[in-house]
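After this come two complexes, each holding chain A, first together with chain B and then together with chain C.
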Partner chain A sequence: MRALFTEPFLVSLLFGAVTAGLPLLLAGLGEQISEKAGVLNIGLEGMMLIGAYTGFLATYRTGSFWFGFLAGGVGGMSAALIVLLLCIRKGLNQIVIGIAITVGAEGLTSLLHFVQFSRSYPRLAAAPIFAVPAFSRIPVLGRGLFSHNPLVYLSWALVGLLTWVFRSTYLGLSLEAAGNKPAALDAAGVDVVRTRSFAVLCTGFLAGLGGAYMANVGAGLFVPFMTGGAGVIGIVLAMLARGRPLWVLIGAALFGASLAMTTALQVAGIDVPTDVVQMLPFAVVMLVLVIFARHSMLPSALGTPYVRGGR
Partner chain B sequence: MAAELKIVLQRVLIPVVMALVVGGIILLALGKDPLDYYGIVLQRSLLRSGGAQETVTRMAPLLLIAAGLIVAFRAGIWNLGGDGQFLLAAVASAALAPVLAADLPRALNLAVCMIVGALVGALWSVIPALLKARYGVNEIITTLMMSFLGTSLANVLIKLVLRDPDTTVPQTRSLGVDDRLPRLFGTTIHSGLVLAILAVILVHFMMTRTAFGLKLQVLGANRAAAVHAGLRVERLTIIAFALSAGFIGLAGAVEVLGVWGSVRADWNPALGLLVVPLVFLARFNGYAVIGITLFFSALTVGGESAARRVGVPQHYVLVLVALLLLFLALVEYRDQSRRKPSAAAT
Partner chain C sequence: MINATQAVQSTEAPRGFPIPVAALRRITKRFPGVVALDRVSLEFHAGEIHVLLGENGAGKSTLVSLLAGMQEPDEGEILIDGLPVSIDSPRHSMDLGIGAVFQRVSLVPSLTVIENLMLGGSWLRSLARGAALRRFDELSALLATRIDPDAPMSGLSLGEQQQVEIMRALWRDEKLLLLDEPTSMLTPQGVADLGRMMHRLKEKGVALILVTHKLLEAYEFGDRISVLRLGTVAGDIAPQRLQTMSEAERTETVIGLMFGAADPGAVPAQDHEDELAILLGGKLRRAGSVDRSKPAKLSARALVTMPDFAETPLHAVSFELWAGEVLGIAGVDGNGQKHLAEVLAGQRSLRQGRLELAGFDITRGRVPERRLRGIRYVTDDRLGEGTVGTFSVATNLVLKEIGASPFWRHGISDWPLIYQSAREQILRNDIRTPSELTPVGKLSGGNVQKVLLARELDAEANVAILNKPTYGLDLHNQRLALDRIVAAAARGVAVIVISTDLDELLEISDRVGVMFRGSLAGIVENDAAAGSKVRRLMTGSAAA
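Coming up: the complex of A and B.
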């Protein structure tokens, strides 16, 4: 067992946990904004995948990682535009459209990847890393937590920002009302459709950003279906967190750690079946749900379109 | 009747044509010939006998999963854990079948293995079912978690417990071709297909024509109303879950007993989530599911051949499915908003 707690093992575990968990964090936070406003965004996986593709394409063509992140966010937002137009404005079924977005994104990005990159499989150069002064010199923690792409620190800051927005701003209250009692929000003179539209566009941007990070920083390349269920985990994290951003961070760290564990074990030269390790976070979540089984306290208007004057 | 037929044609044909046209425009934009592509898909999937048999064979697991999803979705239960239920049932029946084949006659062995598959699938839904029935825990979370768990557990079982020592790639012991599900009329189509079609029709009948089905529909339409109507909501929830996961487990068993004969490690066709949009496309209607599954299966089989011939990846089929979902939803929306003003006037 002592071999486990060497410095290279712990550093690669921590570093990998942050890298693998960040897309989950961003997507989970994004989904949380939508769910708060009463929109169940099943298309999260598709938004991540489109963000991964557009983000990779932009960075590959321009060489700029920041431009790639922006393009990823915009890519995710463009998919969210479909939810905005069809589900929020027209009131079509959110699950049907969400599945259509995910399935369509899988097909479309595979098709575009096939046409453009299937012969060359280009890779990006390593993403720039910003070592936080002083912090990055702490043993183990420094290289594991404080030597990352700047987007990582921005995402951590976003957790705090969102907590503040949800708890103590007018916008946060409006989002909450749009999810729990849209008619009351309407009566108070705030446009429900506009509030929900804003929420869904935020979701799209964050999911796309997470996808772009996954492709550009995590993998350094784009492959079809690369999100591999990250969007699904993002939805679950948002539902479990019940509107609290910090819990999305904790959940993302848990899942990130178990994803990183397999690589870290290889670094340490220990042969444990990867499937056993991969089961751990899901088993933990199920255990928590079984022990603390309570009502999941989702917003009461979640998934239902708002029609003014309707019942 | 003529008017009804017209509505069906408008609601189905228009979206299909629109999806194919928009899909064709995407192909054109990428410099491929859409007519050439659609032609090859049609020829390879339905017009040649080998392709047609493949198309029909692949419908079997899709239909059984669809049967399971229709029960759950109509009862308002989002069972999204199909992949785990499917794989664990497949592994269980793959482990059992070669062992029992030595002692039991073929028909009995197959029947036992299919029942075990269905039971294992149902068993994997017990925790989400209990949590939903007793405490109202959202089943989307629990079934997805159990699905990821089940997929990994299936791999662990194959690699560590059930591994066939004679193969280099980890897989279960193979069931002899003579012991698998019998083929139909000298084709490559196995008899699991008949079972699957019967299952879908049976489920449709049960949901629309029996008291039990009506109870589930009430539960799906309004849980609170079901409680007020005196229905035993907890029991109904658990039964609906078990039926749903049981059919999906049966799909896993049929796929192993009819087609593969064994399960390799890391094999996951991920049909559990793939069938969800098909069931939505069919509006939870059993007969419509048969048609849509045929359409989808033909697209997949034809798309795989066309991928090699025309240079369009097989996943392009997914774009068509997405477009179809969008246009079906849009056409239905247009119909409803047209009907509303007239309803208000009367």
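Coming up: the complex of A and C.
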């Protein structure tokens, strides 16, 4: 066992955990915003996938990673627009629409990929890395945590920002009220539909951003179905985090680490069947659910459309 | 009648307040199949408590929702300070200086008091806690309330929650305050506090609109009373006139207006005896003719339940109940009534204690066994737990016998028989439904309750537990439900009625028990002094 915890193994595990966990973090934070406002966004996976595709396409065409991230976010937002129009405005079932978005996004991106890239399978150049001065020279941690694409640090900052927004802004109160007692928010003079629409667009943007990171930085290419359940894990993270962004970060790190285990074990030269290792994140999901799901507290109006004066 | 009303209003506006704070001019509001408000004209003045009195469906709540911006009128106009406005959102209503307190608490339970009051600020700003706390202190002083601003909303009593609602409604110095049935969830003490608060606000020049269906409240708090009936203003008693009338005259006038006699003076009193009984708080007590020399029908010994999320468990509840007796269970909602009802019905298991039905231990018997033995339960959750809304009236009438003979044989439904029996039940119980095939969810609350009572108070019933049997019903249906309960007791059924409406309990019960924090604080004989004893027990002071 001692041989396992070598520096290359640990660095590889940490680095991989951050890279694999970042899309989960972004999607989980996004989902958290929606859920706080009372919208169960089952289409998260589809939003990530659209973001991955548009993000990759933009970076591939322009060469700019920042432009790719932006395009990914906008792509995710456009998928979120469907939730906005059909579920929030028209009050259709959020679960059905969410599944439709995921399935639709899978089909659409696969088709577009087939048409555009199936012959060439283009790859992007390595994404730019920003080594945080001083921090990046800490042994193990420096290379594992502080030598990443700048988006990683921005996402960490987002955890702090969201904590502040939820706790100490009027927006935070509005989101909380929209999810727990929309009638109270309405009576206080804030438009519930607008609040939820805003939340869902944020979710779409963050999920798309996560997808774009996955494609552009994590993989350097786009392949169909590449999100592989990351959106579902994001939903689970948001549900277990009970409205606290820091918990999403912790959860994303945990799942990221179990995803990164494959590579790390190979680096360490230990031969475990990859199938077993790839199963790990999902085993972790089940384990975490068994342990914590009993205590998850969801907003009371989650998943129910708001109709003024309705009962 | 409408012409007369308008004449009253235009000539008897109080001196010194020439322009009403709010005025409705020939307002009409239709919903599919109903005219909720039909050319209603009313004026609301500063420094006046204006009571809107009427039965369920008279249009009171619709009127409030129009002023609060929840709905818009189809015809007519609303004037605020003499200027016509169209109130298209709650925000707009607030901007016009109208504050509203609704029947159901609409505060966010997961936020603290002060956070609830801060709701509604512009998104990008961080919370102005200091300013909010200053305003909170001002309003606390104005209303003479003592609430911790950092307490979570869910930890407050209903009375306190309502105080917070009133604070929110007055947060921006609103000049018109709407109170929709504010006393329905309060203890007697809470009602008294509310009365004091309304008085203080009135002195400050706020115009208050108090919506209620309780006559006594109307007299006690109202400066002006308008009676609504079937969407129209049946009449309006101005302050000057109200002050000069004796209580009997007021009652007669108001009752006449509420139940529709052409000339209020000519109402034959006995026609409205029932309504009067309920409105005035039940003078028709049941004659105590229960034979308690025999062994008790149902005896509960030291019942204890497990605490459950946000519910008060029972601790050591003991009582005995005799055949033909009505035991009323009073108490502020949330003091363990729900657990008591569920334990007796067999839906919730006991941690300790023993239940006996005519000497036979039924502690471990679950719902089907207890039902076989004649224990019947009418839940307060009529459309949730009590009926399946999308099923027909006929199916709902046999809902608890699914699979049993005679309606099912070898697992096959005998629909002709089910429908036949349903038609008989509908006729016998005067259930107003288009047919026995109509989904029960489409019926009015009163008729759903008739279905439930028909199902539970059947010929084989021994013990009936009724949780809030009249909750949300109008006077007529309330009367019918109470009559059925009393009739069942007269047949020898041992009845437990759990209710938050003390007046109705005093009317139909032989004894009244009071739940307080999960225990039975005491059981009193329903004699002349019962009302005051029960009120004392409800606040937790020791048994009288």
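Please note the rule applied: the second predicted complex is superposed on the first by the 288 of 311 C-alpha atoms of A that agree within 3 Å, B and C clash if a C-alpha of one lies under 4 Å from a C-alpha of the other, contacts with A are read in each partner's own complex, and residues count from 1 in each chain.
Note that in this section a residue touches a chain if its C-beta (ideal position, glycine included) is under 8 Å from a C-beta of that chain, and two chains touch if they have at least 3 such contacts.
Not measured: the values here are computed from a predicted model.
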Message: In the overlaid three-chain picture, which partner chain does A:V232 touch, first (chain B) or second (chain C), both, or neither?
response: first
Message: Looking at A:R308 after the superposition, I want to know if it touches chain B, chain C, both of them or none. Which is it: first, second, both, neither?
response: second
Query: Between chain B (first) and chain C (second), which, if any, makes contact with A:L141: first, second, both or neither?
result: neither
Which of chain B and chain C A:A219 touches, first, second, both or neither: neither
Query: Is the number of chain A residues in contact higher for chain B or for chain C?
result: B
- prompt: So, A:A177: does it touch chain B (first), chain C (second), both, or neither?
  reply: second
First (chain B), second (chain C), both or neither touched by A:A187: second
- prompt: Touch check for A:N93: first (chain B), second (chain C), both, or neither?
  reply: first
Message: Output check: A:T169 vs chain B and chain C. Expected answer is one of first, second, both, neither. What do you get?
response: second
- prompt: Inside the complex, what are the residues of chain C that reach chain A?
  reply: 65, 68, 70-71, 89-91, 94-95, 100, 102, 104, 106-111, 115-116, 118-127, 168
- prompt: Which positions of chain B touch chain A when the two form their complex?
  reply: 26, 30, 127, 131, 134-138, 140-142, 144-146, 148-149, 152-153, 155-156, 159-160, 276-277, 280, 312-313, 315-323, 325-326, 329-330, 333
Task: Name, in rising order, each residue of chain A that touches chain B in their complex.
output: 82, 86, 90-93, 95-97, 99-101, 103-108, 110-111, 114-115, 118, 224, 229, 232, 235-236, 239-240, 273, 275-276, 278-279, 282-283, 285-286, 289-290, 293-296, 298
Field: Of all residues in chain A, those that touch chain C in their complex
entry: 168-171, 173-174, 176-177, 180-181, 183-191, 299-300, 308-309
